[in-house]
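Across the two complexes that follow, chain A remains constant while its partner is chain B and subsequently chain C.
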Partner chain A sequence: MKRKLGTALNNLYKKKDQWWLLTGSIIFLLLWVWDRLFLNAPALRFLQIGFLNTLIISTLVILISLILAWVIIQKMFFFRGRNWAWAELLLTFFLNLIRSIPQIVGVLLGYVLITILLQLSILTASWQTLLLMAAIIALFVFLELVDLMQERITFYQSLDFYNAMKVCGISSFRIINFNILWKNSRGHILNKLIALFGVSIFLQCSVDFIISVGLSTKVSALNLPVTLGSLLAKIDSKQDILAIGYSFSHPARLSRLFLQHLQGISVAFSIVFLLIMIYKISNGYAERHRL
Partner chain B sequence: MKKVLFTHMVSILLVTLFVAGLLLAIPRNLSKTTSAGDAQLNNYLQLKFLNINNPFQLALLQDVLDAAEPEGVQAHNSLITRLKNYETRQLEMMSRGAITRQELTWNRFFSLLLMFFRFLAIYLAVLFITYYAVETLAVYRFISTQADRPAFGHQMLNIWGRWLGHDPSLKKISLVGSFITLLFKTAVKALAYLVLFAPAYVIAYSVKSDFETSSDLFMILLAVFSNGLLLTYSNKFYTFLRNEARKGYVETARVKNLDARWEIDVEQGISHKRILHPLKDFQGHILQHIFINARFQYVNSIKEQASFLITGLMIIEMALNIHKHLSYELLQQILYRNYSIVLVILILIFYLVKFTEIGVDMLRFKWMKKIGM
Partner chain C sequence: MNNREFNIRIEADHTLLLDIERFRLETGKITFLLGESGIGKTLISKALYGLLDSEPWEVQINGQPYYRYLKEGPVGRWQRDGFFVFQEPSSHLNPLLTIEQQLNEGDLAGNSYEPNILRRLWQNVAYKEIEDILKVFPKPFRPSGGEKQRVLLSMAFKKMQHFRPQKETLYIFDEPTGNLDDVYRNQVVAFLLEEYRKNPFTILFITHDYSLINELYRNHGDVLPQMRFKELQRVAENQLELKKFDTDGYLKWLEKAHPLQSGSLTGRKSLLTVEPQFKVFDRSFRIFADASHTRPAPLKVLSGKITYLKAPSGVGKTTLAKIIMGLIPAQQVHFELGALSFTEQTGRMRWQKQVWGKRAGMVFQHAEEALDLRSTVRQIFKGLPVQQKMTRNRVLKELSFIFEAPLQNTLLQRQVFHLSGGQKQRLNLLRTFILNVDLIILDEPLNGLDFNSIQRVLKMIQRKLNDGKGFLLISHNEEIFDRFIPEELQYYLWFQ
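Entry: the complex of A and B
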């Protein structure tokens, strides 16, 4: 029995993506149990909402990115097929323009737009705000997916099979979408989406943190949905984070970190560990499927 | 190369013209909207019996308006929200000192330019350091993989498996020793991961009481060692190395008797000195060919790395409120709605991204020439 368990663990360890998904989930579960025992109820409630909102926004980001990238790719290859060089050039120019804006600046300006819409009471439900936040982040991260799809399609178009299928009367639309993107690039796309999930969490937390400390604090604190980034920017969390540095110079206070400074530590750990977990899952997946 | 350069130049020219147009248009539009908005509110602000800081009075006003004009409930809601926001804005302005509507003057422009050059210096320093670190870390990891050194986790699972194996010849005490050593190494590695993946502001806040976090040196260190930059891109370089190692020419080189020992500081192996050298050269070893080809593939990722780095630097400057730095200035000017200054900062950052792209493309063409492509 024990030996079987050992072998099973060994096998699971070889599939690094699944291993990290499992161990990561267990670690988050342990963190939740610890917080349930030692963190006060209102803070725990905020932490749970923030964590869920962060995951929901990131999930929406990858869905919107996938749709945007797919539409752009269809248009691009449609223009190429019709020899509309000017249209392709125009599209590429706009894509490059978005690429030239640092992601954080783009997302920050988008959040300014959200705060204006909130002030004007145009955004009323929290799901609208979440969706718009996700759409803005997606607008500045989806290009990585476009690049990947474009690279895959161009590569397969240079092979004989593309022309062979065309000669057989199969439409370019089907070859690109079914034979290239679905059958031969699904793993690559999924891997990129996992990576984008991480990028989205990073950007979202950073912008929420920046907005909460530097921009219209009253607006953001009242109206933007709670996320891990905005929770980290709270004064209690910041004091908890400051306590980490203090504990290094006063090791006797180290134990207090996990009992008295739990809110900030939990939020910071959740952000960092989520990023590590996604990085490991993405790498493990790429390694397992030899991408 | 000329075609690529031409595309970049056209893009720079078009964006510059677009921004110049906006710069000419913005101040007029801004003053119009501001005065129109204020005029609507002024009627209510001038009512002496109305205190907009009092929520009860605002609610009362809304009720009175709703009763007088039942069809305009939505407009009344909007008016009350604007009155509340007016109060918020005033509070913000008071808390930040004098307000801060600024015109774009030549003096202002030159001060922005100085901030930009400071940002540029930090950016270049971090870019070179991270590029060197990415290559070095990737090469070390690649050598370790090629030498078939199992990961710590795997070793721990092996030890556990041997412990459960009930082999009487095994000295369990030595297994416990190995397990504890591995556990310690794993803990150190986990700590390193936590630091390297932590967003910059988490690290900065945690050491704020012990270090001067607004110095340029601290910013450089923070940008290098945070946000997952090093691990993400060294992993990318490592992937290129690994993919190259699977190709047929590597086997051919091995047959031709090139050094192929994946050990450090041994005969026919690779020395630390060569790995740590900024201009890496593994002449005589199979790694030389793998490295050159992987480096050539990585060159396009430098654009991505640079873009991520700019994002990281901006996050650091904004999140830590580092005064007289470009990104903090950008954040403040967005807050004060000085859009002309915001545009100038954005165009400066756009130039930085574009010139980085041009630099990377030139490097790519240079290396293409070198390897005869």
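Entry: the complex of A and C
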């Protein structure tokens, strides 16, 4: 029994992505239990909602990115197949236009739009705001997926594989979608989606933090959904984080960090550890599938 | 050393790759090991010669773990006295040393046989040109595949001449002539047998070039009693058997061969006519009706007939096939595909709408590259423009024409990646044969097939011809196809 468990753990450890997913989840569970014991109830509620909102937005981001990238790729290769160079050029120009805007700037501008819509009471439910936040982030990150898909398809088109299927009368749509993207690239796509999940969390946290600090608190504090980024910008969290620095010069206060300054520490830890975890999962997955 | 028999079992990552009992190597004889590509000839020979690593391979020989075989078996002596000529020359030359340095490494250093061997293997080439090759650091594109193969063979001959092998000494040649045309192949074989006559030793010669048999019978009859022709056959999934190959049966089959066609030449519907002159990649090409290139003629494929296009390797046969299929744009070309006329100005959409899978199909040369290796066998047939749906039963029925019975149900779910080279090639052929098209272009259709499969493929071609379909064939396998295709249907391609 002991030996079997050892072998199972050893096998799991070799699959770094699954290992990190499991250990990361356990660590977050332990954090939650600790917070449940020592963090005050309203702050815990905020933390839970912020954490969940961040994950929901990031999940929506990868879903929207996948749909956007797939549609763009279909159009691009349809135009290419028909030799409609002008249409392909127009599409590429549009994509490059988005590419030319730094992601963080693009998302910030998108949040300005959300703010306006909130002020005009066009966005009334919080799910609408979450969805729009995700759509805006997706708009500035989906190009990475487009580039990957395009690269994979172009590579396979240069092989006999593609032409051999085409001359048998198999449609380009099937070859591109089933044979190239699904059968030969889904590992690469999934890996990219994991990376985009991380990028999305990073962008959310950065922008939420910026707007919570720099823009009208009337709008951001009351109307935007709570996320890890906006929680980090709260004055309580900032004080908690300042306490970390203070504890360096007063080591006797160190134990208080984990009992009295939990909100800021938990938020900061969640953000950093979530990003590390996603990075490790992505690397482990790529290594395991030899991508 | 007496004759040796080996029971070999090879696994990788806990998956059984092959299991063979009583693999026999006769001392002082030449064993020609035939069999379809990818069946395991190379793996077995590497295992015997002690060339497999402990990762990912798990090898058992005669029931013993591999490390014990390496310690106690004949490997040490074989490696010291013999030689292994690898199949893929590109990956077995050191890119950091010149060819000349590699020809003088280790045991090969300091003997003077080299120029004679090089002259012998590069017949009809001035020694100055050979010297140029010797100065080269091997790169993927230079020297050519054939030249690299001759370099590896030179090493083997050098060791042979220097050390005078004993009867027990084992030389393994793994597809040593795979990159050479028939003329050079025959020279290499003649050279090897000359050395063998002087000093008989043990040779394992791996090949799937069945046409070599004819050459051996025709020109080396005196050594035939020392030759053993064996074929590796699959008796169950991953279970192999070494069987005696019936060379007489093969030669009789060749002798009795009659042209593949249906009816006479007259009154046939023209499926394809290509004007004799075309231009592509800034180079002009011509099609001739005779081997001496004096009579330019339009290339014709008629219904119920198979037309054979010949040219030395690299001249442009596949390029012409790809032009006909609209995959390579020509600078100047004119051809008629049934009632449709095509020139260099024809738009690509026309092939997509009217040709691919409707009027014509093409079997590409390398099955490994032409198939989606991640697909399952069943998925290979999905999406084909056929009237009858490719149900499980239909796929099984079609496979039964070209795969050995009984077909295992698991075959449909197997990933193409895990099939042998010969099985891949059969799938590659079948995918196009299923189509209801008038014209099929076959580019090296017998690549990597064993004799059994060759016969099955020829039967399938005959069945299609009986249905009034036509073929354009490109193949180096002249020994077989010359007998199956009448001379008036043979064309020759050359460039100006």
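Points worth noting:
We adopt the following convention: the second predicted complex is superposed on the first by the 291 of 291 C-alpha atoms of A that agree within 3 Å, B and C clash if a C-alpha of one lies under 4 Å from a C-alpha of the other, contacts with A are read in each partner's own complex, and residues count from 1 in each chain.
The rule is simple: a contact is a pair of C-beta atoms (placed from the backbone, for glycine too) under 8 Å apart; a residue touches a chain by one contact, two chains touch by 3 or more.
Small disclaimer: the values here were computed from a predicted structure and weren't measured.
Once the two complexes are overlaid on the shared chain, A:L90 sits clear of chain B and of chain C alike. Of the two partner chains placed by the overlay, neither chain B nor chain C lies in contact with A:V71.
Looking at the shared chain after the overlay, A:K183 reaches chain C, while chain B stays out of its contact range. By the touch criterion defined above, A:S206 lies against chain B but remains apart from chain C after alignment on the C-alpha atoms of chain A. Of the two partner chains, chain B is the only one touched by A:L109; chain C is not.
When the two structures are aligned on the shared chain, A:L232 is found in touch with chain B, with no touch to chain C. Comparing chain B with chain C, the partner in contact with more residues of chain A is B. In the superposed pair of complexes, A:I244 makes contact with chain B only, with no contact to chain C. Of the two partner chains placed by superposition, only chain B is touched by A:Q119; chain C is not.
Shared contact residues of chain A, touching chain B in one structure and chain C in the other, are absent.
Considering their complex, residues 322, 325, 327, 347-349, 352, 356-358, 360-366, 369-372, 374-375, 379, 382-385, 428, 431-432, 435 of chain C touch chain A. The touching residues of chain A, counted against chain B in their complex, run 2-3, 6-7, 9-10, 13, 93, 96-97, 99-105, 108-109, 112, 119-121, 144, 202-203, 205-206, 209-210, 213-219, 232, 238, 241-242, 244-246, 248-249, 268, 271-273, 275-276, 279, 283, 286. For chain B in complex with chain A, the residues that touch the partner chain are 11, 14-15, 77-78, 81-82, 85, 88, 91-92, 153-154, 157-158, 160-161, 164-165, 193-194, 197-199, 201-202, 205-210, 227-228, 231-232, 235, 239, 304, 307, 310-311, 314-315, 318-319, 321, 328, 330-332, 334-335, 346, 349-350, 353-354, 357. Note for the complex: chain A touches chain C at residues 81-83, 159-161, 163-171, 174-175, 178-179, 183-184.
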